[in-house]
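Heads up, the next two complexes both have chain A, just with different partners, chain B and then chain C.
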Partner chain A sequence: MRHGRFPLIVSFLLPPLVLYGVFVLSPYLQAFQISTTDWLGYSAQADPVGLANFRTLLHDGYVWNALTNNAILLAVVPVLTIVLGLFFATMLTMGGRKGRAGVTGVRGSAVYRLVYFFPQVLSVVIIALLWKEIYHPTTGLLNGALRSVGLPTPAWLGDPRFAFWCVLAVMVWSNVGFYVVLFGAAMQAIPRDIYEAVLLDGASRAVMLRRITIPLLWDTVQVAWIYLAIAALDGFILVQLMTNGGPNFSSDVIGMRMYDTAFGSETKFGYASAIGVVMFFLTLSVAVLALRAARRERIEYS
Partner chain B sequence: MNRRDILRRSAAAGLLATPAAGLLAGCATSGGDDDKGDAGTYQGTKSAQNPLGVKEDAPLEVVIFNGGFGEEYAKAHEAMYREAHPKAKINHSATQEINKTLQPRFVDGTPPDVVNNSGAGQIDPGGLVAQNALADLGELLAAPSLDIPGKSVKDTLLPGAVEVGSYDGRFLVMNYTYTVYGIWHSTKLFTERNWQYAKTWDEHIALCKQIKAAGIAPWTYAGQHPRYMSWPLISTAIKFGGPSVATAIDNLEPNAWKSDAMKAAADAWYQIVKDKFILDGSPGLDHKQSQTAWCQGKAAFISCGSWLESEQKDVTPAGFDMTVAPTPSLSSGDKLPFEAIRGTAGEPFIVPAKAKNVAGGREYLRTMLSRKGAQDFTRKVASLTVVAGATDGVELPFGLSTVVKALEASGANGFNWVYNNYYRKLERNLVDAACGEFFSGRSTPAQFLDQCQKGADSIAQDSSIKKYKRAA
Partner chain C sequence: MTTVDSGAPPVRATAPERTTDRPPRRELGVANAFSHGFLLLWAAMTLLPLAWLFLSSLKDNGEILADPWGLPGRLRLDNWARAWTTAHIGRYFLNSAVVVAGSLTLTMLLGATAAYVFARYDFRGRQVLYYLFVGGMMFPVFLALVPLFFVVRNAGLFGTWTGLILVYTAYSLPFTVFFLTAFFRTLPTAVAEAALIDGCGHFRLFFRVMLPMARPGLISVGIFNFLSHWNQFLLPQVLMQGDESKWMLAQGLNALAVNQGYAGDYAQLFAGLAIAVLPVLVVYVAFQRQIQAGLTAGQLK
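Let's look at the complex of A and B:
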């Protein structure tokens, strides 16, 4: 039997590895190569220019503006999403009546869980269009509500003071549901007897959350952190559909810059690839840093 | 296995793959390096019947942008082509994503023979021109018209149709439709309220006051594409200062955006911002949303091109009767009369330089530019073509008939600019952003012109962008 195993392994592993190489790795490597050329995208002519594209990038105010926005996203979106996700998940799994031995969620938590998860079922495009209508300055839900209580009604997506934060809010909104379910599932896996023990010891809810739940959820939070950080460095679809980076570049992100450079307002594929390479390294460093910073002793319960 | 392991292992897989890098690098740009090209693989003999030298049995591949106009009109044109060349096999396809579909084929050197390069996924024409990817269509212009006797193709076209597709004097892009840009209002609304479209700027401001007093916002615009408002502003400047205002901008002359005419126009348009003649919240609307607000009667005026009527077909109330009008004259000293309106050819068709059947591509465009082809197009999609007089005997919808009238009144005074074709980034990104600040009241006329000029200067200084010049 043993001699039959090698061909089996090869035939099962080789095709996916080849596919991965051709469709995942090779485009990456090509992007690196293209970023050192002045390729304009519609002819085979591409002359190597060394690192000139990267030098231009360093002095490109629009790129820096976009990167600043990504940095704000990176600082705000994961924190906000994880805090909200943890809060809702705690309420759903252990927010129920106090004093009972055992831990239950608030009444109707199954329904809430469904409602929270709902944005996850929608495609990002639908979410963007939905919120574009909610932010509609005259007929939108938001301004309708503001008007009914006599508050001023800004032109949300048309105002550089608000446009970026409007998109950020949608980003958090569309993500929270998933993490509620993720954290909820992880909380379910925590053995009930731990809670029963600390409840008997007279621990309050806040202490329970801080001392028991979060440490035991740490692996999950770490995963959430990395995913959200990567999402914060992207944000392209929402921005493109809701504001197209405007007004006056106030909601621009780096992905939007890359797309615009390659397909939107000009066709500089070499330069766009250079932006892509920068994005690649930024995302990679953020992921590595997040892993390092979040490294802790693993807690095993058996 | 936890996530850390996954990352570690995938990093290892990445290392293993590194030796392949040398093989892979260069794949994307290695295709079709020989610039000798296969252009004109199919070549027939030229004759009076066949002035462009089409090879009788050469197949022709046509790719159409499947947008507002659909693809049925193209099938009719293809049928006409086949009538003349029965042995030719036509390969027709339509897509909404011209760029994504065709970019690899351009790189590979195997593009189709005719492309309707349009829509949001259009290939930047400046990019194609700069990379010599387009066949010269000069021969097509010189060829005799298919069914208008005694005239060359060029003689049958409306003014401005050739200029807009020309780069450094070479005609490379055939823009098929004729678009008029102006200020739109509802004749029904204006008749009901007994308002008269104003011919001078002072009268326009007075009318705006009247409209506002009636509880309607005088203006709205696409806040997310504020460049729509640059069109009437630049038009006002050109009518005030003459067509040289436009050539200066197109040729990226220093301080072209800060000419006296542009200053006068920006000051004038600032009035509608200052006096709050713009529908509240307009800066937050996209083009569809603002046009819909206008169709619902929330605003009286909107700036748009003549595609407006078909774009708004589904939401325009019956009897709305949208009408296009030129921008009001700034003063009695205007160089161009009130009737002068911006007209330009749109909906670009190209023949790639490396197409197999370049002659067939040109011949297909000649078929489109025949009277029969143009009339069929106007009938099918309710849009004008660049073929002069091809609307005779075709029944037009209300808005389009006002376009024809405006065009006739404008006559030889029609004007246009092309900087948006030469340097797409300048209009789509830079002037766009400046207009957003200006029309939402966050910048003054001087700041607005400064921002536009800075954008133009940044293009002028960017050595990686090919520059074009046009004569007045």
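Let's look at the complex of A and C:
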């Protein structure tokens, strides 16, 4: 039975390992090394400067500004998305009144699920370009509506007070549907008799949601939190395509900073890699913190 | 479920006596009207932008400028034709299709073979290799961007589809291997053992027995990878600069948006976006259940 194992293992494992090593592992390892040099792009000249890049970073106002925005995204996007996702998922899986014990979805829940999820399959580029047009000061959908009811029509993405929040709203808009379906799937897995028993005991739906559904869903909420936190630390494509970090850096994010430093006006590859290293550790610590903070006793019901 | 029928009347019968039952019920009615309102509002917020996109793609520039909420006077399909040919959206579309077909095939093949070995064979260093592989899921792609640019260029693959295919594949492998390893582990060992005893070789076992059994898992992760490759923007933007004729759809759309800023041809931009949305919409409506299941299954594991 052991005959022929070795050729299989080697031929099955070697190609993916080589590909992964060359295009994923080696760039990551190189990035750490480049972050300690003063490499200015296409020349071969790159001198080691130790941690100088990181020291510059500490005093770089643009980086701090971008990080502040990332921190706001990190605080707002997951909370909004998860709350909306939980609310809609609850309505769609157990908001209906027809079911005996209140455990069916509202009428038309399949249609809602179909509609809500759609932004998830659209490319981020399409979402960004579409919303850029919606926010357009003169031809946009939003100002068209405001104008028709006589309200002021701001220059949304062109206004430093609004630009960042406009991007944030799109981030939530495009994510909610996914979590509606994710939470919905997890709720479906909760045995119906638990609800029936609690309802017979006279619990209200709010109590049911707080005491039964959310605790049983906690694992899924935790996963959602990590994914959203990682997305909030990125946010690069939306920002780049919708506002390019502007106006006046008001919607800048750390990914945008790094991209601009490396491939934008200047090619400070060493410094850009240092920003990348910071992003790496931020992402890692957010994931670890989220796992720690969300850790609770796992509830088994099967 | 028939027992539920007999269980319901008692609840009703006791309701008039227990006054505490009444307030929650009325509260529920109000809450429901409120919640339904929210459900409808969110549905409108999702549908409206898309409906607007398609309507605008059929207007002319004058109509777009005059009234964002107005309906097109007549259907101007020439916008679509203009976007398809003049803005080369058709060509970018095909380019993306070619690259995604290549990268998806390669990802599934290499991901399945690696996952199968990790799940089913014991050898020295298996754990280390597995975690090395799967750890790639955690890294932000930004960190790799600068060196990746040079790795691809030094390999002579800069600005080529082959380069993109290999890079897409490499970056999809961690999740694919992670997901499929878990899946292969759930498959029954008895079948594999029986096949080996019957004289089936290890390679034959994989392609003839295990791979067909793993079909549901392959479909899930395949859908996930298809969407992530099709929607890729960052990697082509860095690795496919220059030669416009080889661009991916996302790059083409972005260029169209930038040009529209100068030319003021809104209709063409909307048509270009509509062309990009339409096939995704059709595929999504046709396979929505599989797509939703496939995309969410990955996060639940």
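The rule is simple: the second predicted complex is superposed on the first by the 278 of 302 C-alpha atoms of A that agree within 3 Å, B and C clash if a C-alpha of one lies under 4 Å from a C-alpha of the other, contacts with A are read in each partner's own complex, and residues count from 1 in each chain.
The definition used in the following text is that contacts are C-beta pairs under 8 Å (C-beta built on N, C-alpha and C of every residue); 3 or more make two chains touch, one makes a residue touch a chain.
Owing to the predicted nature of the structure, the values given are computational and were not obtained by experimental measurement.
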Combined model on chain A where chain B meets chain C, clash or fit: clash
Chain B versus chain C as contact partner of A:Val106, first or second or both or neither: second
First (chain B), second (chain C), both or neither touched by A:Ala66: neither
Partner chain(s) touched by A:Val286 [first = chain B, second = chain C, both, neither]: neither
Touched partner set for A:Asn244, first chain B, second chain C, both or neither: first
Partner chain(s) touched by A:Ser26 [first = chain B, second = chain C, both, neither]: both
Which superposed partner A:Ala274 touches (first chain B, second chain C, both, neither): neither
Chain B versus chain C as contact partner of A:Gly158, first or second or both or neither: first
Which of chain B and chain C A:Leu40 touches, first, second, both or neither: first
First, second, both or neither for A:Asn143, with chain B first and chain C second: both
Larger contact residue set on chain A - chain B or chain C: C
Part of chain C, among the options 110-118, 236-244, 272-280 or 290-298, whose backbone runs into chain B after overlay: 236-244
Contact residues of chain A, present in both the chain B and the chain C interface: 17, 20, 25-26, 30, 34, 132, 138, 143, 223, 263, 287
Touching residues (chain side chain B, partner chain A) in the complex: 2-4, 7, 13-14, 17, 20-21, 24-33, 35, 99, 103, 106-109, 121, 123-124, 126-128, 130-133, 223-224, 226, 279-286, 289, 293, 298, 424-425, 428-429, 432-433, 436-437, 440, 442, 464-465
Chain A to chain B touching residues, read off their complex: 17, 20-21, 25-26, 29-30, 32-34, 37-46, 132, 135-138, 143, 153-160, 219, 222-223, 226, 243-244, 246-249, 260, 263-268, 271, 287, 291
Chain A-touching residues of chain C, taken from the complex the two chains share: 4, 7-8, 11, 18, 20-21, 24, 27-28, 31-32, 35-36, 38-39, 42-43, 45-50, 52-53, 56, 64-65, 67-69, 110-111, 113-114, 116-117, 121, 123, 129, 132-133, 136, 138-140, 142-148, 151-152, 155, 166-167, 169-171, 173-174, 177, 196-197, 201-203, 206, 227, 230-231, 233-234, 238, 249-250, 253-254, 257, 266, 269-270, 273, 276-277, 280-281, 284-285, 288, 291-293, 295-296, 299-300
Contact set on chain A toward chain C in their complex: 1, 4-5, 7-9, 11-13, 15-17, 19-20, 22-28, 30-31, 34, 84, 87-88, 91-92, 95, 97, 100-101, 106, 112-126, 129-134, 138-141, 143-145, 148, 173, 176-178, 181-182, 185-186, 196, 200, 202, 204-205, 220, 223-224, 227, 230, 233-234, 236-237, 241, 255, 258-259, 262-263, 269, 272-273, 276-277, 279-280, 283-284, 287
